[in-house]
Each structure stands twice: as C-alpha cells, then as structure tokens.
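For clarity, chains are labelled A, B, C, D, E, F, G and H in written order, and residue numbers in each chain start from 1.
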Amino acid sequence: MADLESFAHLDFGRGDRRGYPEAVYCAGKTTAQLSAIAAAIRERDVPTLFTRAEPEQAQAILASLPDARHEPQARLLAWPATPPPPSGGLVVVAAAGTSDLPVAREAQLTARYLGRACELVVDVGVAGLHRILERLELLRRAKVVVVVAGMDGALPSVVAGLIAVPVVAVPTSVGYGASFGGLAPLLAMLNACAPGVAVVNIDNGYGAGHLAAQIAAA
Amino acid sequence: MADLESFAHLDFGRGDRRGYPEAVYCAGKTTAQLSAIAAAIRERDVPTLFTRAEPEQAQAILASLPDARHEPQARLLAWPATPPPPSGGLVVVAAAGTSDLPVAREAQLTARYLGRACELVVDVGVAGLHRILERLELLRRAKVVVVVAGMDGALPSVVAGLIAVPVVAVPTSVGYGASFGGLAPLLAMLNACAPGVAVVNIDNGYGAGHLAAQIAAA
Amino acid sequence: MADLESFAHLDFGRGDRRGYPEAVYCAGKTTAQLSAIAAAIRERDVPTLFTRAEPEQAQAILASLPDARHEPQARLLAWPATPPPPSGGLVVVAAAGTSDLPVAREAQLTARYLGRACELVVDVGVAGLHRILERLELLRRAKVVVVVAGMDGALPSVVAGLIAVPVVAVPTSVGYGASFGGLAPLLAMLNACAPGVAVVNIDNGYGAGHLAAQIAAA
Amino acid sequence: MADLESFAHLDFGRGDRRGYPEAVYCAGKTTAQLSAIAAAIRERDVPTLFTRAEPEQAQAILASLPDARHEPQARLLAWPATPPPPSGGLVVVAAAGTSDLPVAREAQLTARYLGRACELVVDVGVAGLHRILERLELLRRAKVVVVVAGMDGALPSVVAGLIAVPVVAVPTSVGYGASFGGLAPLLAMLNACAPGVAVVNIDNGYGAGHLAAQIAAA
Amino acid sequence: MADLESFAHLDFGRGDRRGYPEAVYCAGKTTAQLSAIAAAIRERDVPTLFTRAEPEQAQAILASLPDARHEPQARLLAWPATPPPPSGGLVVVAAAGTSDLPVAREAQLTARYLGRACELVVDVGVAGLHRILERLELLRRAKVVVVVAGMDGALPSVVAGLIAVPVVAVPTSVGYGASFGGLAPLLAMLNACAPGVAVVNIDNGYGAGHLAAQIAAA
Amino acid sequence: MADLESFAHLDFGRGDRRGYPEAVYCAGKTTAQLSAIAAAIRERDVPTLFTRAEPEQAQAILASLPDARHEPQARLLAWPATPPPPSGGLVVVAAAGTSDLPVAREAQLTARYLGRACELVVDVGVAGLHRILERLELLRRAKVVVVVAGMDGALPSVVAGLIAVPVVAVPTSVGYGASFGGLAPLLAMLNACAPGVAVVNIDNGYGAGHLAAQIAAA
Amino acid sequence: MADLESFAHLDFGRGDRRGYPEAVYCAGKTTAQLSAIAAAIRERDVPTLFTRAEPEQAQAILASLPDARHEPQARLLAWPATPPPPSGGLVVVAAAGTSDLPVAREAQLTARYLGRACELVVDVGVAGLHRILERLELLRRAKVVVVVAGMDGALPSVVAGLIAVPVVAVPTSVGYGASFGGLAPLLAMLNACAPGVAVVNIDNGYGAGHLAAQIAAA
Amino acid sequence: MADLESFAHLDFGRGDRRGYPEAVYCAGKTTAQLSAIAAAIRERDVPTLFTRAEPEQAQAILASLPDARHEPQARLLAWPATPPPPSGGLVVVAAAGTSDLPVAREAQLTARYLGRACELVVDVGVAGLHRILERLELLRRAKVVVVVAGMDGALPSVVAGLIAVPVVAVPTSVGYGASFGGLAPLLAMLNACAPGVAVVNIDNGYGAGHLAAQIAAA
C-alpha cells in the first residue's frame, strides 16, 4: 500500500471545525492512493464522502471500506453509510431534465449526508412551465432550493422569481454545440435576472449540496 | 458630395426581387457617404431603411431626405415615412426589460415597414412570470413572436414553451460582467430547451424584425 | 424497468397544445430510462421523435417500440413510423458538404414528421457557386430553406441573398482547427450579411427541422 | 414625463411576496424613464433600491425622490433613506483591496436595506495573510460572509477554509491584462478548492448583498 | 527632439534586403518619437510608409516630411509621395461593403507603393452575388486578389472558388455583437471551404497589401 | 455501393478551371461514400487528392483506386500516383519540430502534386537559431516558404524577416495546455511582426501546400 | 482627507519581511484615497513605489510627497527618489518595439528601485534578427533578462535559446485585431519552445521588474 | 530504424552552451523516431531528459537506453540515471493537492537532474491554511519555490506573500467544468496579487523545474 504521507495530508480535524464530513476528490488519484486514504479514514473513524469516483476507484475504496454506501449514478461513496438524522431546514433539489439527474443526485446525497432533509424533483424545465408551477408548494417549504440545469440555464431565474429563499444554481454540461461544455448555462445563471441566485461550478453537485446544507443549517 | 460609385454599389432592384425596402447599414460610413447614398435613393425613389444611424449620421440623411421618419431610440430612419398597409399575420415583440427597449423598437419598426402589423410588450422578464403569462392571449394571436432579452436570455425558452409559432430571439448587450457584451444571452438562446427558437445577432433588432416579417408574410 | 416518475415528467399533452409530436432527447439518458419512456409512450399512444440516439440507446427504444423507424445516420427514431400527410408549404434542406449530411437528414426527417413536404440537396457549397445556382428554381419554390454548413458557414448568406423567404441556418461541427467545434460557422451565420437568416445551435438538425416546419405551417 | 406603461411593468407587489424592497436597474434607462419610475414609486409608497445609477441618472431620481439616500461610490440610491431595523444574523463583507471598495459598499448597503446588520473589512487580500487572520473573530461571528476580490480571486477559498458558514464570492473587474474584465477571479471562485462558496456575477455587489441577506434571514 | 537611439533601432538597410520601403507602425508611439523618426528618415533618404497614424501623429510626421502623401481614411503616409512605376502582376482589392473601405484603401496604397498596379472594387458582398460576378473579368486578370470583409467573412470563399490565383483575405472589425471585433470573419476565412486563401490579421490592410505585392512580384 | 448523387456533387470540371487536381476531404464521410466517390473518379479519370483519410477510409479508397499513392503519416492519398513534372518556382517547407512533421509532409506532397518542386527541412525551431540560419541559402532560393510550427508559433516571423518572398504559416496543434489546440501559434502567426506572412487554418497542410503552389506558379 | 482605516490596511512591515519597498497599485483608487495613503507613507517613512498612476493620481501623490520621482511614461512614482545602491547581478530589459517602451521602462525602474543595476535595449524584435544578435554580449552578462513584446510574442523564445539564465517574459497589449489585448503574445510566451521562460501578466512591467530583482538578488 | 536526419536536428552542443541536459519532447513523435533519437544520444553520450513519454514511447526509448531511469507518474525518462551532485540553492516544490502530484514530480525530477537539491511537499492547498503554514520553515530555506496547483490556483499568491524569493507557478488541468482545462488557475496565477510569481504553461512541470534550477543556480 502507498505511503500516505508522500501524497496526502488529510485534514482529520476538519469535521470538528466545520461540523461536516471530510471529502475526498477522487479524480486524478490512483487506486493505490485511494486505498491508502480509505484505510486511514477507517482507522481514524472519520465520516467521509468520496466524490467523482469512477467504478475502478470505487472498488479500491470499497476494498478498505466495504460498508460504505456507493451511488454509481452520482459517482459518490459515503462512509458511514447511514446519514445523520435531519436537522435544520428543508433542501429541495430541482433538476431541469432527466439528463441532469446524476448531478442532482450528487447534490441531494451531499446535503443529506451533511444533515439536512432533502427532496428531489426532476424534469421540470421551463419549456413546460406547468411542471415547475405544480411543485410550487414544495419549493416554498424549502429553506434553500438547488436548481440543476444545462442547455439554456433558465430554470434558476424562474425559480428565484417564485420563492423568497436562496437558489443554488448548478450548470451542467448536458447539451452540445454552443453549450460549450456547460459554459452557456453557467453564464446564464451568473446573469440571472432575479436576485438570490448563488452559482457553483459546472456539474458540481457536491458543492451545491454542501452550500445548501450550510444555508439550511439551523 | 462624394462620388457614389467609388464606395457603394446600391442594389436598387432588390425591393423588386424580395418585396422589401432597401436597407443601408450606417455604422462605419461617413456623413458624406450617407448624404450621397440618400440623394441617390431620393432620385431613384427607392423605399429605404437606414439602420444604426448615430445622430450626426441621421442629420446627414435628413438633409437629403427631410421627409424621412427618424426614431432616435431605435437609431432608425425610414423613407418614405408612411409604412405600407399591414398584410400577413400579426408580429408581437416582447422585451424582457426596459433597457432592451431600443432593440425591441428597432425590431417593431422594421417589421412594420416591411408590411406587418406589430405590437410591442415591455418588461415581461421571467423573474416575474405573471407578467408574461398575463399577455398570453396576445402572444397566441401572433404568427411569430420576437423576444428581446439580455442577461440570462431565459425569456425565449419560456415563450416558445407557451405558443405554437416560431420565436425569433434577440440577445442584447444589456447587462455587465459575465454577460460579456451579450454572449451570455446569445448562448442561452442557442441552447433554448424548447424547440422553435430562431436566433439572430446580439442587438440585431433590424434582423429580427425582417425575419419576423418574412415568417408572417401572407 | 426503471420507475418513470423518479426521473421524467413526460409532457403528453404537448402534442395537443402545439400540434407536433413529443421529442425525447436521448443524450445522457440511460438505456433503462429510455426503455421506460418508450413503454410509457406506447401505452399512451403519443407520436414521438427520439433524437441523438446512439446505437445502444436505439436498441433500448426499439425493444419497447419495435415498429418505430430508425435512421442511424441522423440518430433519429420516429414512432409511429409513418409521417403525417404533408400540409403547409415546401421545406428545402441544403447541405454545403457531404459531411454535413447527418445533420441535414435530421432536419429533413424532423420537418417531414412534423407534417411538411421536404426536399434535400447536398454538396452545394459556395466554393463552386454553380452548384447552388443550379438549384435556384427549387429553392424559390420553398416556403423556408434550411441551410446546413460547417467550416466558413458562408452558404446561408448566399442563399438568403437569392430568395425571399426565411433561411434557417444550422452550423455544423464539420471541420477542424480554427473551426473550434462549429464556433466558426456559428459566428459567421449570426453575422450573415443578408437579412432573413435564423440561426440554431451547432449540429441541431432537429431544431432546424422543427423551426422550418413551424414557419411553413399553413 | 414619459408614459410609464410604455416601457416598464413595475412589480409593486414583489416586496409583499419576498419581503424585500423593489430594485430598479438603472443602466440603459433614460433619465426620463427613471423620473417616471421614481414618481410612480413615490406615489405607491414602495421601498426601492436603485442600482448602477450614474450621476445624471441619480439626479433624475432625486428630482422625484429628494429624500432618498444616494451613495455615489456604490452607485446606489435607497428610498426611504432609513433602513429597516436589523434582524436575522450578521453579514460581514470583506474586500481584498481598496479598489474593490465600490462593489463591497454596494453589497453592504444592499444587505443593510434588506434588513441585516452588516460590517465591512477592507484590504485583507491573501498577499498578506495576517490581515485576514486578524479578523477571524469577526468572520466567525457572521451568519454569511461576502468576499469581494479581483485579480487572482483567491480570498474566498481562504476564507471558506476558515469558517463554517457560506461565503458569497464577488469577482471584480479590478485588474488588467489577463484579468479579462474579471474573468480571472470569476473562474478562480467557481473553482474554489474549499466547499461552501457561492459565486455571483462580476462586480455584482447588489446581488451579493441580496443573497447574503436571504441566507442570514432569521 | 527625442533621442532616436533611446527608443528605436531603425532598419535602414531593410529596403535593400527585401526591395520594399521601410514601414513605421505609429500606434503607441508619441508624436515626439515620430518626429524624430521622420527626421532620421529624411536625413537618410529612406522610402517609408507610416501606418495606423492618427491625425495628431500624422501632423508630427508631416512637420518633418512635408512632402509626404497623407491618406487619412487609410491612416497612411507615404514618403516620397510618388509610388514607383508599376511592375509585376496586377493586384485587385475587393471590399465587401462600404464600411470596409478604409482597410481596403490601406491595402491598395500599400501594394501600389510596393510597386504593383492595383485596382479597387467596393460593395461586392455575397448578399447580392451579381455584384461580384459582374467583376469576374477584372478578377481573372489579377495575379492575386485581396478580399476585405467583415461580418460573415464569406466573400473570400466565393472569390477563391471563381479564380485560379491566391486570395489574400482580410477580416475587418466592421459589424457588432457576435462579430466580436472581427473574430467572426477571421474564423470564417481560416475555415474557407475553397483552397488558396491566405489570411492576415483583422483590419490589417497594410499586411495584405504587402503580401499581395510580394505574390504579384515579377 | 452508395448512390453518389444522393450525397455528393463532384466538381469534375474544377481541374480545368483552376489547373489543379480535385480534392476530397475525407473527415466525416463514410467508407461507403468514399468508395463511391473513388469509383466515380476512376471512371471519369480525374486526378484527385484525398485529404485527412483515416486508415479505414484509406482502405476504402484503395479498394477502388489500388494504384493510388498512400502516405499514412500525412493522411493523404494521391491518384494517379505520379505527380506532374515540376514547373514554376521552388517551394520550401520548414517544420519547427519533429512533431510538426505530419502536417509538413501534407503540405509538401500537396505542393508537389500541384506541380511544384518542393524541399522539406525539419526541426529548425527558434530555440536554436543556428538551425534555421544554416538553411538560409535554401530558403532564399524559394519562391515561397511554408513554415509549420506549433507552441509559440515564432518561426514564421523569424523566417519572414530573413527572406523577400511570401511565407505561408501553418499553426499546428502540437503542444498542450495553453496551446489550446493550436490557438496559441495561430494568434502568434496572425500577429507576426514581419510583413509577408499568410496564415492558414491549424494543421491545414493541404491548404498551405495548395496556396504555396499557386504563389509559386510560373 | 479620507480616513485611511476605512479603505486601506497598509502593510508597513512588508519591507522588513521581504527587503523591498512597499507598492501601491493606483488603478481604481480615488485621489482622496491616494493622498491619505501618501501622507501615511511620509509619516512612517516607508520607501514606496506607486504603480499605474494616471496624471491626476500622480498629482495627488506628489501633493503629499513632493520629492518623489515621477516617470509619466511608466506611470510610476518612487519615494524616496534615489534608488538604493546596486547589489546582486545585472538585469537587462529588452523591448521588441518602440511601442513596448512604457512597459519596459516600468520594469527597468522597478528593478532599479529594488536594488539592481538594470540596462535597457529597445527595438530588437525578431523581424530583424541582427538587432538582438548584436546585443548578445550584453545579454550574456545578465543574471536575468526581461523581455517585453507584443504582437507575436516571439522574442522571449529566441532570447531564451541564446542565453543560460532565466528570461522573464512580459506580453504587451501593443497590437490590434487578433492580438485580443495581448492574449496572442501571452499564449505564445506560455508556449515558448525554449525552456527557462517565466511569464507575467500582460503589460505588467512592475511584476517583471520585481521578479527579475528577486532572481538577480545576491 | 528511421533516418534521423529526415525528422530531427538534435542540438548536441546545447548542454555545453547552457550547462543543462538535452530534452526530448515525446508527444507527437513515433516510437521509431524515438528509438532513433535515443540511439543517437547513446552514441554521442549526451545527458538527456525525455518528457511526456507515454508507456509505449518509454519502451521504445528504454530499448536503446536500457539503463535510463523511468518515472511513469511523471512521464519522464532520464539518462544517465544518476543525477549530478547538487549545487546552487535549494528548490522546494509544493503541490496543492494529491492530484497535482504527477506534475509536481516532473518538476522535482527536472530540477534534480539539472543539478539542484529539491524537496517536495504535497496536499498543502489553501482550503486548510495550517498545512502550508506548517511548512514555512522549509519554504523560507529555499532559493526558489515551485507551486503546483489546479482549480482556483490560489496557492502561489499565498506562498509569494510569505517568502522573499521567487515563486514559479504551475497551473494544472486538475479540476473540471469552469476550470476549462487549467485556464482558471492559469489566469489566477497571472493575476497573482503578490509580486514575485513567474507563470509557466499548464501542466508544464518540466519547464517549472528547469526555470527553478536556473534561478537557484550558484
């Protein structure tokens, strides 16, 4: 097994300082590195989320933490598998289209493992306004709404105009051509014509869920 | 007066071929050039729109065509001043915000001078959905709707989802920062999640009005 | 089979409202999701186009809708397989080069399944002007012309200068280097020096065909 | 005075729905339009913020609302001049450099007029870490911290690593060359290596203050 | 007068090596610097072109070289004023629109002062194909054709398809919005679908004229 | 075999008009299409270059034209295999690095098949100036020099400063990171500080060879 | 006079820690702020450089520090006026063109006020290689060479290939069109084909001079 | 074996002139070319680094130079395997995250093979400031610090503010979405708010190590 000190400097006290689980960003790490990190986490008993884990990486983590929960669609692993009991306000995650679901699920699970209750609504894009308007009652119960959308990135503006709480907007790389890998919805969300829209990186479901959990903290 | 042949090759037969007035793009032309062009137009009696005319340029044109109509907000001059009687279907122009009005008026006047009836609704951006929903009856009477919006460029997607006819989307340079001079709404409109959206250049009210007039032709 | 409600909110009434078949954008959807969607479509008997279907996705759809028509080159499936009888005006699709054919076919089939007669001409790029000039009679019979071009994106300007009806311009990602994935023809088309050019997203044959069908509706 | 209905559709009920003052974005509006809007606001007695008001625009507004508060540095006017009594949690605004002050003040005033207590710290950029570390006690009392920075946009990542509450990051156009008008700090903030960072548009002090006020609401 | 050695290292032998006049790029130079350079040129009797000279800069040059020729539209000064007798093949400069004329004139004068005969045709954009087709006989007499165009940049592709000699394509910043300062025609020209197109920098009439003169050299 | 008329409109008279072989751009064409095109070319006996042919595409072409010459490194096929006897002036192709060789070879072969003598020098980048200076005698014998370079794209400026004839500059996608697929050398070449530099598309060896052959024609 | 604490947090101990004068970036600061900062600097006797000072800003600084040195071309003020005696190795600044001189002078003065001997050579661009080759002896005496260039940004690659010490490359915004405000030379320098090239921001003469002084420190 | 002269012009005297080993950039070279180059290197006994070698390329090199050292993580081969004895000052390489390790190792090994002592610290990103602050003593012993970071690229600004010697900043492509392949940290580093930051290309560990070795030379 790789020597942990030679490639990582884990921040095991971070949970104490901020009240949330440690996160390990898997992209660019070797399976040997992830195995060593997972073993150290088990040894020190640190609640952890592993993000952007490809299948082979997930296998390496599960070898050290076999009781972790693995959600392949969201590329996420959580250890321990059971999230904390919900506290704070409700988080609602709204995904514009079915293809935005992996990112939306990553946001939902992150918020849940950081301690919030979290509901997910899917396929409520603005091309059929009745779909989002039908969920207005749920949206208005939330302490914060995460909106996940690719293509035109129009949904956050519409939702922010309908509710009084913050919207966390997540552009996705869903789309093609002049989407330019999510640039189109990113710029649209940064220029949202309604105030109250907080933008995170393209496809960053983890960051959105984390931010929402912080906003909805008691 | 400048010698017309040395800098322009006017296409006086174009009205015959396409059924619409000649257009002269004023940006980058000297006042001497515009005077000579206006004089030639008067002499040959060719209905003409002058687009993107700055005040000094407009004065040069009006010196040769004093009975032209000048709309400074839209930077447009029309000669003769009276538009043709309306034919074809109704064009509706919807502007997301007050700051989009100059471009919206350019579109409206162009469509009108190309022979269509044209109505204008303003300040119907998606941050307050009730504003556009209140105009649904009017929108559904149109043969084509021109939607003018800056910032997030979200309005065309919403409108296209509500009606059965084409939407001509005009991004504007209204906004700042990550609008990047209109790039944000341009990309959003090209990625509209509802089909039936035709995009033109940033701030191109003339092009939008022309296209709408063609679509709504009898 | 996946639970439809958990990932999609199909808009089965849309055909009624807009008069056109439902469309399912396949990119980013799992085969399980597409199977469930296809089964629901069959059950509710909703005419549907499936766009951007990769071979494996097409197989999943055909498993539920074996009598659908599948055009692999255009990545399109249509159900039912028979298009409606033609109504409205003629749509002509012109592709600049052979490599633009997949997008052109997607446009043609879409227009046809939305109820228009539609003819296709191929390899009529501006490097050999006689090729497009030879088809002038056909172009002038159209109610709208879809022009598909990559590289310099020059064909829509030329066509729009020759006819009196709208041109729907589709930039393609055909090319390399400074094409930047279709950015070059996209910008060229947005800056077309002839009025009457409506631009859609790069490689968006479906959107172009849909818009053309709306413009050419009776 | 201009006819209000012809260019604006004010949303006087918005304060009721969301609990915050109306906002009027002044850029691109004529002084005649702003005079008419200000008069209507006085007549209906609607608390309002005017953002991005250039001096001449501010004069037009003050002519109708002479008792408004005008902060030229922040390009902001507030009417009525007295903010509501503070409620909810503390907002802290931290500006990396002196040149970021106009945007930071816009954020501070907005948060204050939306009902939050708000403190401002200036010139605490990361090139001298002791400056931000000296303010740690204040930062840790906040319910949300707004961080305003141009150039490398590094301050939000550092602050987010030091506190447990959300950071609202505002990139500014302060800088030159490869700042590309604020693109550099915008991208840096979207890629913040610490979670809990919410990004708004370049120079968007109003949006940041609004979002912070929502997050810190009771 | 400024001390020449402290800011410039003139290359007075260049004319000998390459057979063409020296060129001084005026942008960014002070009037004092230009005066000193012009005086040195007169003293050493070096034929020179001054490019991109603003009016105040031109005055400084003319103070030292009063018999120079100044063409304000092209921002060019030539000394001595009389060009060499024509040698080599014919250069034709074709400008798509009237607004492209300053760049086209810069190209024409440069080619002429480098020793070529040079003819100019204007306003022959592709929106009216008959305009360029009418000049085919002239174009086919050229040894090289310089094509100057903004907006869609389509003219070089069309011209290159009609003739057998090289086309030097000059994109211009004529246009607005998605022209992005000439990026649109620049990319279009780099992707010209006809071979034989040589591209130079946006608005670089001097470079185009120089290149054309080299290509048409005997 | 596919029906040629349904996807291509070959321009068999082009060789007559311009004096050069037909070219078929293979990217994006199916092997069935290429087979049909190759068969038509054999039948009509039209000298042809096939560019950007991947191995599978080359096999399809060779099946119809087994006596064609195939240069895999340059992705080029030529039919007939024997180039015409050299006429006109000498073309020299200079490649900055070994990795630029495929593009340089494409340029060299193209120039040769269009009838010019053509010499190739490799690995003469500006980091070791003596390498290009050692080849000065050869460069000065050329009628035109094609310079192929990635990374900083500095070689064309240096070469153009050393010779009196045109330089055709070909940026390549060799490099990584801030090369952005060849954007860096493309922009550098467009901004060459020496006049006489003609730029073509990134990796466009064919276009460079064609242009050079035209410039060096007798 | 403005209250210093409300807008700045001067780092008067920085000189001690790093051994170099304090720097005040003037862009975006009001004259009142600069007056207050200059007064505090005089009071505490802190050697300081003021960078990017426009004329009006320089007047405000000189009112408090009348014995400062002001170099308008470089937009720089230094207080005290006398630089420290030279120590460490020689810095050479090489500017490609006369128009790059303001940035080159900013670099030279900065290096000098940080304690290095510094020589400047101007107008040694690669279009005339003999100009830089003539200065080789001087370049080879340097401990570090700052190379300032706009347009193609080719000079750093050439210089780095000729010497054994580091090159600090400063792209400038000199140029037009596809220079895109200095993006072209910036990218070229980042892709320099010779190792040993350190890049700083566009037009950042101060940063280059500072870095060079650090590298050449004893 | 391929004929070396036909594709490479090795600069075997370079080590003499600059005192450092030759470098061969492997990307884009065939295995046959690399074999021939490696054989020539052995024959002439030239110390060499092979950079960006993919596994198959490394095999080809090792076939000719079996005693070379191969570090797959850094994609580097060094021949001879033993680095020179350390001279000059200490180089420290600091990597923000574990995923930046391959680039950091490339820098470390390069500096070592150019003759410097070099220490590596990993996972010291700014989200946990204590990690970098704990290494302050080591950082302050260095003659130059190489900082390797992706995402927000904030670490170089923080480090440069803590030490008195130059920082060589290496942006990496670690990250996703709005990182745009490393553009985000590249721009952040170019805009570093602390002076003394030298930027190299994205992922350019070799260039950073080389530059650091030059700066730390005795």
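Rule of thumb we're sticking to: contacts are C-beta pairs under 8 Å (C-beta built on N, C-alpha and C of every residue); 3 or more make two chains touch, one makes a residue touch a chain.
From a predicted model like this one, the values you see are computed outputs, not experimental measurements.
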item: Contact-graph distance - origin chain C, target chain E; value: 1
item: Shared interface partners, meaning chains that touch chain A and chain G; value: D, H
item: Label of the chain whose CA centroid is most distant from the centroid of chain C; value: G
item: Remotest chain, chain D as reference, centres from CA atoms; value: F
item: Homomeric contact chain B-chain C: same or different residue positions, threshold half; value: same
item: Between D-H and D-G, the pair joined by more C-beta contacts; value: D-H
item: Centroid distance [mean C-alpha coordinates] between chain G and chain C, Å; value: 55
item: Whole-Å separation of chain centres (CA-atom averages), chain A against chain C; value: 34
item: Geometric centre distance via CA averages, chain H-chain C, whole Å; value: 49
item: Chain A: positions in contact with at least two other chains; value: 97, 128, 177-180, 183, 186, 190-191, 201-202
item: Inter-chain touch pairs (all); value: A-B, A-C, A-D, A-H, B-C, B-D, B-E, C-E, C-F, D-G, D-H, E-F, E-G, F-G, F-H, G-H
item: Chain B partner contacts - residues on chain D that touch it in the complex; value: 6-11, 14, 25, 27-29, 33, 52, 171, 173, 181-183, 186, 201-204
item: List of chain F residues in touch with chain G within their complex; value: 96-97, 125-129, 150-154, 157-158, 160-162, 175, 177-180, 183-185, 187-194
item: Partner chain H, residues of chain F touching it in the complex; value: 97-101, 122-124, 128, 131, 174, 176-180
item: Contact footprint of chain B on chain C as seen in their complex; value: 17-20, 23, 164-166, 168, 186, 190-191, 195-202, 206-207, 210-211, 214-215, 217
